[in-house]
Structure formats: C-alpha cells, structure tokens
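Next up: the structures, one after another.
Below, subunit A partners subunit B and then partners subunit C, in two separate complexes.
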Partner chain A sequence: MNPAYRRYHPKWYRARMPIFWWLRRVSYFRFIARELTSVFVAYAGVLLLVQVRSVAAGPEALARFTGWLQLPPVAALHVVVLLALLFHTITWLHLAPRAMVVRLGGRRVPDVAVLLGHYGAWLAASALVVWVVVR
Partner chain B sequence: MSGRRLREPGLWLLFSAGGTLAALFLPALVMVLWVAPSVGWLTPPVHETLAAVAGGVLGRLFLTALIVLALYHWAHRFRYTLYDGLQLYHLNQLIAGLTYGVATVLSVAAAVVVWR
Partner chain C sequence: MPETVTLEVRRYRPEEETEPTWQRYQVPFRREWMVLDALNHIKDHQDGTLSFRWSCRMGVCGSCGMMVNGDPRLTCATYLETLLPGPVRVEPLRGFPVIRDLVGDLTDFLTKLKRVQPWIVRQTEGPPAQGEYRQTPDQLAAYRPYAMCINCMLCYSACPIYELEPSFLGPAVIALAQRYNLDSRDQGREARMEVLSEHDGIWACTFVGECSAVCPKHVDPAGAIQRYKLEAVVAWAKGLVLPRSGT
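Presenting the complex of A and B:
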C-alpha cells in the first residue's frame, strides 16, 4: 500500500517506528532480505548485457570478460549473487499458489500441485539454459 | 491521483513478469555463465556458441525480455523496500522517479546493445 503522503494530515494516527524495525525479528529481516534480492536480479540483468556486448565485440573481448570472472573476489561475488537469486526463486515460487487460484473442471487445484508445477517450470527452464549454453 | 491508479497495475505487472522470468532463468544462467566456469566446474562457454545464441532472433527476444523485465522488477521492489524499510514516505515521488527512471534508461541501453 502506498497512500499519498500527507505530512500534517489531521485524521491519521501513525505509530512511530524505528528506522531499523526490520532487524528486530528474523521474519522481518527475512522479508527485507527477500525484497533486496531484487538488487541482485538487476545486477544479473546488467552483467548479462555487459556479456552480450563483449560477445558482440569478438572472441578477445569475451576472453577478457571471462578472465575478469575468474578473479577470486569476482568469483566470490558471483557465488553470493547465485545464493541471493536462489533465495529469490524459492520465495517467488512459494508465493505462486497464494497469488493464483487455478481451477480445473470447476474444482480448485490444490496448492501443492500449483507449487510442483512451478518447480517443474524452473527445472525445465534451467535444463534449457544448460542445453543451450553448454554444448 | 487517477493517473497513479492507472499506472500502478501496469508497474505491478512488469514487476511480476520480471520476478517470474528471473526466478525461472537467472539461477541457471548465473551458474552456467559466471560461477561454474570461474571455479573450474565447467570450461567457459565458447565464443561461437554465445554469439550464435545472442545473435539469433529468439535469443535476442529472450535477452531483451529478461533484461528489461528484470530491471523493472528491481525498480518496483526496491522502491517499496525503501518506502517500507526506511520509511522514506516524504521522498516517495523522488524515489519512484529515480528507480523507474534508471530502469527505463538501462532498458533502452539493453535494447540498443542486444539488437545492434
């Protein structure tokens, strides 16, 4: 929810919250961590773009890019990126049964089936990526 | 206010589509392109393969959709993380302008780079 902000609105009572309210409980922290995976999603998008550019520039440019990937701090960063993106995937897929109600023949498909369907789609997408890139 | 009511569902759709594409494809892409080759689990993908994928029409459509939607996914989610997490209610307009603005500029750059 994002109501228009009114600084001196007379009717609303807003309880004062400390800025770091999300450090108070594990579940609050997990919520903020989940939201912050979006930073890694954007990072992956931008780095994909950089890689597309170096591929277009030719084999030497791609080799330079690959060399940069192999620097230990860069490799470590990408392990962190991978973990964050896995967290994004798992939390996102588990929201799916709550976000969509699938009906089949007038009856609601159980949440577990919707969830399994999404995991199946993840598996298929990952297999496609591996098949296309590692040949 | 009616302008915002019209925009909000569209932005949410971009966020949602981006989140789904990212969830399905990014872990495998990060693993295969960036992590596995640099820790020695895979030999780095050869230029020929990547050039063929990034140069084909399907590859270009996929890359454009993935990158653009990933950027708007970030813009929307990060905007509300600042809004809720740091309670920057009074900077709402500025934050929205910056996040969607950055996503838009980078999306244009992505389209140019991918379709060149």
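Presenting the complex of A and C:
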C-alpha cells in the first residue's frame, strides 16, 4: 500500500464496555436486578422441595425443619427472599403482554387483559400451594 | 432564554490521536434549533473539520443518530431547548467502532440485515397479468409497525447485549425479519427462522427492553423478539408432542 494512503486509512476506535455498565441507566439496573433475583427464585424452589421432603420424612423431621425456619436470622433472610421474589415476579409478569399477542374473535386482546390473566394464574397457583400446605 | 449554549463534542481524529477527546463549542441558542442545527452551525462557521452524518433533517433517513447527553437520539428531532442549560454532550452512537468524530461504522448491521432476507420471498411467482398480491387492512396492520424502522441504529446503541456480544443479530435486524414474516405475501419465514434461531439470534436477547424505549418510530423490536421466542417454543413443543405434524 502506498504509505501516503495510510494517513487516511481509517483506524477505528472501539470503546470498551465499562464493568459497571448496568449503572448507566435505571432501566439497565432494573434489568440486572430482575435477572439476579432469579437466584432467589431458584432458592425458593429448593426450599419448597426440602420442605416436601421433611414432610415425607415424618413429624420429627418436619419439626426440625420448622424450628430452623423460625430462627431469627433465617426468618430475616426469608423476608429478603420474599421481597426479591415479589420484585422478580411482578417485573416478569409486566413483560408478558409484550411477548404475547393474543387474538380472540379477530381482535387483539388488550395488554391489560393479558396482564390480569397472568396475575390471575399467579393467584390461583398460590392459592393451590396454600391449600396444599395448610390442609 | 440564554444567548448561547455550550456543546461538548466527542472528537476522534485517527491521524492525530489514539483516543477520542472532548472539544467544547459555543453556539448561538435558537428556540427552533435541534442539536443537528447546532452541529451544522459549528461545521459551517467554527470548525469545518468536525465530521458527522445527516441527510433529511426530518426523522426519516435515520442518518443523524448520536448519543446526546448519554441517550441515543436522532439529533434532527432533539430540541436544544429541552437540554438547557447545557453543556450538551454529543458522542457517536455507542456499540459501533468509530471511524472519525461522530461517524460510526455500521457495516456489521448491514451484513446481518442481508442474512435475514428483508424482502418479500416467494416460492412461486404469479404471472404479472394476475396483478398485485392484495392485502386486507388487517393483514397490513399485522406488520405495519415493523415497517416503520428507519435503520437509525438507536436500538443497537441502547442494547447492552449488542455491546457485550457484538455477534448478536440485534434489535432492528430481528424486527425487520419479523416485518416480512408477518406479511401475508411473504413465504420466507422458514429460511429466516434458520438465521434467527441461531445462538446469536433471538435467544441472545435477554429482554432489557431499551431498544423499544429509544425507538423514534415506536417499532418495539423487544416485543418482536419476545413474540418470536414464544412462537419458536410453541413450534418446538408441537414438534415434540406431534412429531408428524410437520411444524
């Protein structure tokens, strides 16, 4: 190549993504929080399985498990887990109408109806779990 | 109202410097001016070496997208007045390599766009005598929002995934693929699905949702991608339950 051309040859500048990119915008932070709280969702699932196992293992195991749940640090942790679960669930449900285009009778079902449907399903599932646990 | 407003413009002159720098310009303030008018004032009266892209000045060509105070915006549609008292920071669109000053290299987008065949694909063409392929208003409404895309690249600049994983197809490419998929005249859906269902296609998107928030044409690429995912999962599940249904 003619060295004279090199002077005008584009030398791209590529910016590096900062490690704290998710602090750049509120929406990025909300997104990261939604993704990270899924760890708590997994934890809640495991907790439920352990509870079911202790129920199956007999009253003694269940009492031990319930006793552990009542320890103040464990209870405090579970308040945090509950808040994280609520945050995750609500932000997740509010995304649902964007992904689902439901058509009924040739018309598009409004987003609010899709959202309320999800809330309804959530309530029904929660009621079922409560019924199974309390029964 | 102030007499003047300060613009801090990101400069990058590859023949002189290895890192971009900031340059301050003082421009007169006019109520009817957009950021692009201020940049053109600099170019015409203060510093002819400042490089940036623009064409139509009316939000149609999609050339003048830049980061204005950290947000991806069309500079021809952003009033200076809304950014007072300043200084107004203007940078090239995030996520693209910078060629010079405010000019980014968009080759990556154009290469990816071609891969999804953003045109009407027909398996069989009717004879011209048969006339045009007609559509009902409902069929038009199904894809029309996606046809509004002006390829301004604001959605790419808003997408952290594209910045972290440059191999990601990106919001506009997927929305434009959807534009043709939803067109009743098109028959290229399956060919596009091949590209879109790759690792760097729809599944790379984690639904940050900012692409739709910044779109000046309200295209909602994020919605398009999530709908696509849902459709792909339903098709996969159908294939699992009814393997011979041909889906």
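Quick note on the criterion: the second predicted complex is superposed on the first by the 120 of 135 C-alpha atoms of A that agree within 3 Å, B and C clash if a C-alpha of one lies under 4 Å from a C-alpha of the other, contacts with A are read in each partner's own complex, and residues count from 1 in each chain.
The working rule: a residue touches a chain if its C-beta (ideal position, glycine included) is under 8 Å from a C-beta of that chain, and two chains touch if they have at least 3 such contacts.
Small disclaimer: the values here were computed from a predicted structure and weren't measured.
Once the shared chain is lined up, is A:L47 touching subunit B (first), subunit C (second), both, or neither of them?
First partner only, subunit B.
Just checking: does A:W22 make contact with subunit B only, subunit C only, both, or neither of them? Give me first, second, both or neither.
both
Determine, under the contact definition given at the top, whether A:A33 touches first (subunit B), second (subunit C), both, or neither.
After superposing on A, A:A33 lies clear of both subunit B and subunit C.
Pick one for A:L115: touches subunit B only (first), subunit C only (second), both, or neither.
neither
In the overlay, answer first, second, both or neither for which of subunit B and subunit C A:T66 touches.
A:T66: touches subunit B, not subunit C.
Which partner does A:G106 reach: the first (subunit B), the second (subunit C), both, or neither?
second
Of the two partner chains, subunit B (first) and subunit C (second), which one does A:A75 touch, if any: first, second, both, or neither?
In the superposition, A:A75 touches subunit B alone.
Once the two complexes are aligned on chain A, which partner has more residues of subunit A within touching range, subunit B or subunit C?
It is B that touches the greater number of subunit A residues.
Check whether A:Y13 is in contact with subunit B, with subunit C, with both or with neither, and answer first, second, both or neither.
second
Common interface residues of subunit A with subunit B and subunit C?
Comparing the two interfaces on subunit A, one with subunit B and one with subunit C, the shared residues are 7, 17, 22, 35.
Spell out the part of subunit C that touches subunit A in their complex, as residue ranges.
Residues 12, 14-15, 18-20, 70, 94, 97-100, 105, 138, 160, 163-164, 206-210, 212-213, 220, 222-223, 226-227, 229-230 of subunit C touch subunit A in their complex.
Going by the contact rule at the top, pick out the subunit A residues touching subunit B in the complex.
Touch residues, subunit A against subunit B: 2, 4-5, 7, 17, 19, 22, 32, 35-36, 38-39, 41-42, 44-49, 51-53, 55-56, 58-59, 62, 66, 69-70, 74-75, 78-79, 81-82, 85-86, 88-89, 92-93, 121-122, 125-126, 129-130, 132-135.
Can you name the residues of subunit A that touch subunit C in the complex?
7-8, 10-15, 17, 21-22, 24-25, 27-28, 31, 35, 95, 98-101, 106
Provide the residue numbers of subunit B that touch subunit A in the complex, in ascending order.
Touching subunit A from subunit B are residues 1, 18-20, 22-35, 37-39, 42, 44-45, 47, 49-51, 53-54, 63, 66-67, 70-71, 73-78, 80-81, 83-87, 89-90, 92, 103, 106, 109-110, 113-114, 116.
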